[in-house]
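To start, the structure itself, in structure tokens.
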């Protein structure tokens, strides 16, 4: 980039920094308020057995209501989320330590999150809970069926699990092949059936449709018929393009070329839809920065009270 | 033992699942196999986490370039793991109030919830949101109407991009819409079909459907042949090189 | 000008995209939406169910696609709640549990008369991707011994008589990829002839069209369909128009229009540069 461009970028960043500084100095923003609620559990004799407080996020405009208070942990979290969002966006200007730091946090936290969720949702209730149900009920999942008995067949998946984790050991890597084979075999088994039924047989059946489509009055619906014929021709020509056992020459070549055209339209549609998706995601992140963090007049601030009519008057909103 | 047993396991499990689909008597065999599969999927998360920790610990201990980022990964990993496994900040299930570990592991207000809400959520969603910028850049740099195929792709993308927003109404809203109560005429349908939002529907429901269906059929055949190769022991690539 | 555009730094394109999306958000630009036939198919699939019908709400997405799919998930939740259907939430994505919690928060806040365990419940997440579907379609209790909160499923009233997903009257799936709509179609809707509607991301939606209408009654593809569905629900239940969060998808169509137009203009501009360059004999 030339010097003029650098100067323009510098001005843009300075303006953004001044705006942020102005918001910090003057505006109320970047705070999270919560409403506290006391949960009380009574014992069989009616006495209070246990109680604790739960906190629910409320819109900032309700901060003066009774029981609403500023949440320090969530406010810190909001700022952490906003700063990390900006760190990720900083990659657009170029690779930098802020981006790499944010990336490292998400890698580490996500991997551990998956481990935790796997432990509490599957390993404890479905593995340990089947082998030693009484013990599992005493601490982790007391809601397990009280009549459930130990099922020692589950020692086999436990053994396979240990063998899978053996992969982390410096020697005996082959041991993990057994559970891996189980995994691969099972995947091959259910995918074979699933794909053949839903993506092969059902798709062929759905393509064998009448070319003459009748309308409500019993006559021929010309446009629907053209659509049906085009679809059938499209499927066949695309399949011929995928078929490489025949040389793509003559009629086969021309049909294959038609197939390519159909595929290009498919990819064009895919591109259009992908753009749509990505912009929606960007909108959501910018809404987070503008509304949740910077409080630039959130259209959903009144969501809880349900009295907002800030947008879409044309829709009767 | 090292190579034959895995082949037998893969074939047995695979065929049990296939058979259980067709023979009701064996349905529970398939269910049990799939539950074991699901358990192994959860253990795979542990394996993944363990591997990440192992690799990054090695990088830090050897002071390789970028080791500081590995240290951040390890710290984020260990903190999340600890608060998640210990259910820090969760309240017990109200029914089982005397069992402190019975609560929701990601209940609102817990430490793991905080990590999700304020670290994982903003970071992962922003990473995907960034693709909006890159897709714009790619559109500017790579999309050229060099030939018929590229022109078709571009033309379709234009119609879909405009047809899926209010731009369709702005640009082609003047074309007549079909009246609900009247019998649609040939030309009535034609003019209506040229409205951008209708053209988009036609592209998606006819041309895209045909292309996607052919792709689906192709993939299904590919999956079927790969699966059969695995079950019959012809494809053994998952066993590795056999050097260990 | 030609030289400047030919060697344009991509950061200028990024800035344009930022402005294209940020400006309509700040100016709150929105447009009216008219539900398409496909969206009405989805709407009617839920609308025509009798009160008390069982609906599986399979939320298979994570924060990465929340901007696109949360409006659909929220609209599905509100629609089912208005219809007094029984909602069974479950997830195949590890990061999808908070998405379910968002939907449940809507029920707690806007439909306080609905009761957990009787009108809706959260089965939560189980690892295993389509392996989970393969179990729950024949035996849900073998895998889901408790709900997400640890309560035994046999003690939850709305689980009475529900031994598998086959007991559901409709599957509603919101999906960001695999496992998701494709797998629910492959392992539930096709072999067991279960009625199913889905909402999917823009990336995934075009690939799901071949399943319509035999295997999938209807599909909400990306944010545009989410906005149309929100409008359809508001048309059916006008009091929802007062709730700002019920119009999240509709709100996003403002930035969507400007963003799309920008992409179209960028492609046109790039091609103009290309053809000028070709005429001049430039190689790029």
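Which chain is which? They are A, B and C, in the order written, and residues in each are numbered from 1.
Following the convention adopted for this analysis, a contact is a pair of C-beta atoms (placed from the backbone, for glycine too) under 8 Å apart; a residue touches a chain by one contact, two chains touch by 3 or more.
Keep in mind the model is a prediction, meaning the values are calculated, not measured.
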Farthest chain (mean CA position) relative to chain C: B
Chain closest to the middle [Cα centroid of all protein chains]: A
Whole-Å separation of chain centres (CA-atom averages), chain A against chain B: 8
Inter-centroid spacing, chain C versus chain B (mean Cα positions, whole Å): 14
Multi-partner residues of chain B (each touching 2 or more other chains): 17, 21, 34-35, 37-39, 41-42, 44-45, 93, 95-96, 102, 106, 108, 116-117, 120-122, 124-125, 127-129, 132-133, 135, 139, 154, 157, 161, 164, 204-205, 208-209, 212-213, 215-216
Junction residues of chain A, two or more chains touched: 92, 113-114, 117-118, 121-122, 126, 141-143, 186, 190, 195, 199, 203, 206, 266, 269-270, 273-276, 278-279, 281-282, 284-285
Per-residue overlap in chain C, given as positions that touch at least 2 other chains: 14, 17, 21, 31-32, 64-67, 94-95, 97, 126-128, 131, 134, 143, 150-151, 191, 206-207, 210, 221-222, 224, 256, 259-260, 263
Residue numbers on chain C that touch chain A, as the complex places them: 9, 11, 14-15, 17, 21-22, 25-26, 28, 30-33, 64-68, 70, 94-95, 97, 109-110, 124-128, 130-131, 134, 143, 145-147, 150-152, 154-155, 183, 185-187, 189-191, 201-203, 205-207, 210-211, 214-215, 221-224, 231, 234, 238, 241-245, 247-248, 250-252, 255-256, 259-260, 263
Interface residues, chain C side, partner chain B - complex: 8, 10, 13-14, 16-18, 21, 31-32, 36-38, 62-67, 94-95, 97-98, 101, 126-129, 131-132, 134-135, 138-139, 142-143, 148-151, 191, 206-210, 212, 221-222, 224, 253, 256-257, 259-264, 266-267, 269-271, 274
Residue numbers on chain B that touch chain C, as the complex places them: 17, 21, 27-28, 30-31, 34-35, 37-39, 41-42, 44-45, 93, 95-96, 102-104, 106, 108, 113, 116-117, 120-122, 124-125, 127-129, 132-133, 135-137, 139-141, 143-145, 154, 157-158, 161-162, 164-167, 169, 197, 201, 204-205, 208-209, 212-213, 215-216
Complex contacts: residues of chain A adjacent to chain C: 1, 5, 9, 12, 92-93, 113-114, 117-118, 121-122, 125-126, 129, 141-146, 148, 186, 190, 194-195, 197-199, 202-203, 205-206, 266, 269-270, 273-287, 290, 296, 299-304, 306-312, 314-317
Chain B contact footprint on chain A (complex, rising order): 39, 41, 49-50, 52, 54-56, 73-74, 76-78, 80-82, 84-85, 88-89, 91-92, 100-123, 126-127, 138-143, 153, 156-157, 160-161, 164-165, 167-168, 172-174, 177-193, 195-196, 199-200, 203-204, 206-207, 217, 222-223, 227, 230-235, 238-239, 241-242, 259-276, 278-279, 281-282, 284-285, 288
